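Consider the two complexes below, in which chain A is the common component and chain B and chain C are the respective partners.
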Partner chain A sequence: MSAAPGRPSGDGPRWEVFKQDAAGKPHQAVGSVHAADAEHALLMARSVHARRPAAVSLWVAPADAVLSVTAEQLAAAGDEGAAPAHGDTEGAPQRYLVFRKSSHRRAITFVDHVGEVTAVGPWAALRAAIVAFPEPPALAWWIVPSERVSASPDYEAAAWFEPARAKTYKQQSAYGTTAPTRRRRQG
Partner chain B sequence: MTHALATDVAAALVARLTAMADDELILGHRDAEWTGHAPLLEEDIALANIAQDEIGHAVLWLELRSQLDDSDPDALAFFRDAGDFRSSRLVELPRGDWAFTLLRQFLFDAHEAELLAALSGSSYRPLAEAAGKAATEEVFHLRHTGLWLERLAHGTDESAARIGAALERLAPYLPQLTEPLPSDSVLERAGVLPSMEAVGRATRTRIEGALAAVGLDLPQVPANPGGRERHTEDLVTLLIDMQAVARADPEAEAW
Partner chain C sequence: MADLGAESPERLAAFEARIAAGEKIEPGDWMPEAYRHQLVRMISQHAHSEVVGMLPEGAWIPRAPSLRRKLILLAKVQDEAGHGQYLYHAAETLGVHRDELIAALLEGRAKYSSVFNYPPLTWADVGMIGWLVDGAAIKNQVMLAQCSYGPYSRAMVRICAEETFHHKQGKEMVLTYARGTAHQRAMAQDALDRWWWPSLMMLGPHDSDSPNTPQLVRWGVKTKTNDQVRQEFVDEHAPELLEVGLEVPDPELRFDPADGHWHHGPIDWDEFWAVVRGDGPLNAERLEARRRAFEEGRWVREAIAAHAARREATA
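Let's look at the complex of A and B:
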């Protein structure tokens, strides 16, 4: 894949980052990082996206492995979008992770993980996902081959995520510099 | 809550905590010098995180010291002259290139991981608890610095040359980092410190193992001599920078 515009290619490919805030909650797309490989991408994801606030697990996937389709694109494609013409119909079935955005509510996250399907090719996986996860109606879908997703190591979860829990995120107002500065100015 | 220590034990613990805090503070500052200059945006943030962790550990050790001698951690950090610091020369050296910075951080993390694991068995509860807290972060630091050690050693001819040069430059300073303080024996007898000789050996074994795994050897070179009273000139210039704001307005209420 080529580097994003404005980024030198030496930064490595872009990886989508999925963060899970607590056990039982879905992994959510929170942004991306540039990194040389999957292991590096996970470390960068932890530093950039999970230092504050708390998380319990991270996934990364190369951005070029993500099939991203909006409801508008699906509607515009009409019958064509549901037809095998879009699909890779050859090869062995494989597992795909399914992510979905289902709310216009303002959020720093994009799609949520909703489950998994097995299909031949990402478009076939998308069609299977639409059937398997009909409610609530999706505004956008991400389909990612399971084998391209790397997860933070469970056995090191404490080292990756506990320190963030133990520290308070301080707004700049917490440092109390405003009042002393004002007093000084007033003499 | 009392953790009454004999006078000589308390004095020795103050010396040990000061050495540990100064290593963390000075290394944290060196790492922070990369902020805005790291080769990748993501690494810029990641190294700033490590710098904050190390400075946070310095705060832990200085607060423990404060409980023993009522010293003020901020005053120790920002109003002490170079001659009164007890940092090791390894952490004082200028930041160098990316390979130098990440290798130094790796060597330091290897030592800190061994030291903290041993300290978590200290008979002095506040020290054992603080060590346990800091140790969690070192696991992730070693993940990060270990990844770069591997990538640089196995990367391009240039990256391999740079990590090799960094290792040559740093190796003479490694023994001082792990060398026990003269007063550590008092703490070892009191059960406050583990055997610091053993911590040093474990550190060396860990480092040699990690280097061997990427095809590197720790150079067998004479140790840069002298105790923690002797510093590099680089510490002086670092402190001018680090302490400038605090010293510009010593009466500031908040900054």
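Let's look at the complex of A and C:
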């Protein structure tokens, strides 16, 4: 677990939350929580983002560890963005998780996890990601150092995610159609 | 990163073209300051409404008439807490901090939905709130799910899926009472008498009194006006309420076969603005409850921070 710097706040810094709906599906950005550390962030993420079924794993990362770049920002940066030193201080190569959004369709989640690259800094990682994951074209990229990402513990998976399945009264489908009778209105 | 620059007519035209093409604006993309400002205003008010909205129903959790109803109401109120969090997150993507927004609420500087300043007096009110208040909220939120700002739109899509449960459980309760004993029917009618007009008002002032609406519509923040959303709400709910034998407390309510819509009588906007200004039945109590919750949670926040600091020091 790593430090979570950020602006001082009664509720701790902001953590981005990634939820996986089922084995074999990508983790997807679903929003953020405020928490004092990664363990706290995972507990908050579970309460806020896994109150319904369709969750088997959560990741959290401090929001300030995320490099977020949209297609519009990339285009505006142009050649400058391609310069090797852009935004990076050269360091030892490390692993970065790559997330991408590629559709304007109405959605419930933002960027999807698409893979991993190794690079000397987040901007170098972004350039590597653009080469490694060219299709479909990205509308937004998130680059996150993998050492800053914390996952919900596997041994807790049943305790964390199974109860939501049993609470069928939270599902609108449990209520069927409660329309009094057919609608009077025509067409 | 190149400076995306100030607001030139070209930049504004490009922004509006993106919206016209159905693109979502994402954090980091260029946006006019007025777009950002309006979104912060709308999203934070919406977040506060979810949070304050826990209070009327939360008070009924200990008095639920069965274990099933208690579980349902607990889950619903928990959902509203979650909705507040999704929305504070969406606001934070625009460069504000949740702490500032919550401070504005606690200090009485922020608005939230006027409907939560009315008291739920009986258990039938809990059902009526689910059916009408959540029903009105869904109409608004389905519209906002089309919003041009990505984070707000996504929060709305998620919230709508959960709100449908709120709406259906409330409707189920009201139908049970409406088909029950004479006493239960009377309770359902009494609840409808008190919640019908606040539900219409919560969808906001008439279009003629909403000066921001045309720009919000052009920028795809809203995709329908207050009056359009209110019409959808009345068209769905008025006939269903009548169908179960309840009387809608509006002598002028009528269906017009010519346009296919249900038309309601005049809304008492003096009452609406009085409640918005702070003179509703429970404005002071609602804020006091939020302040108390914030203070009573202080030791928890401090303990968590101390634990994290010690863990950090010994790591």
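Structural remarks
The definition used in the following text is that the second predicted complex is superposed on the first by the 157 of 187 C-alpha atoms of A that agree within 3 Å, B and C clash if a C-alpha of one lies under 4 Å from a C-alpha of the other, contacts with A are read in each partner's own complex, and residues count from 1 in each chain.
Please note the rule applied: a residue touches a chain if its C-beta (ideal position, glycine included) is under 8 Å from a C-beta of that chain, and two chains touch if they have at least 3 such contacts.
In this text, all values refer to a predicted model and were calculated from it rather than measured experimentally.
In the superposed pair of complexes, A:Thr118 makes contact with neither chain B nor chain C. Between chain B and chain C, C touches the greater number of residues of chain A. Once chain A of one complex is fitted onto chain A of the other, the partner contacts of A:Val33 extend to both chain B and chain C.
In the superposition on chain A, A:Arg14 makes contact with chain C only, not with chain B. When the two structures are aligned on the shared chain, A:Ala140 is found in touch with chain C, with no touch to chain B.
Contact with chain C, but none with chain B, is seen for A:Ile108 once the two complexes are overlaid on the shared chain. Shared-chain residue A:Ala77: touches chain C; no touch with chain B.
Using the contact criterion defined above for the overlaid structures, shared-chain residue A:Tyr175 touches chain B and also reaches chain C. By the touch criterion defined above, A:Leu43 reaches chain B but does not reach chain C. Residues 11-12, 33-36, 40, 47-48, 51, 167, 175, 180 of chain A contact both chain B in one complex and chain C in the other. Within the complex formed with chain B, the chain A residues making contact are 11-12, 33-36, 39-40, 43-44, 46-48, 51, 156, 158-160, 162-163, 166-167, 175-177, 180. Residues 1, 3-4, 7, 9-12, 14, 30-37, 40, 47-49, 51-52, 68-70, 72-73, 76-78, 80-81, 87, 101, 104, 106-110, 139-140, 167, 169-172, 174-175, 178-181, 183-187 of chain A are the ones that touch chain C when the two sit in their complex. Note for the complex: chain C touches chain A at residues 1-2, 4, 22-24, 26-30, 68, 71-72, 75, 78-79, 82, 85-86, 89-90, 92, 97-99, 145-146, 150-151, 153-155, 157-158, 161-162, 164-165, 167-169, 171-172, 175, 235, 239-240, 243-244, 255, 260, 298, 301, 304-305, 307-308, 311-312, 315.
Listing the residues of chain B that touch chain A in their complex gives 40-43, 45-46, 49, 53, 56, 133, 136-140, 143-144, 147, 151, 252-255.
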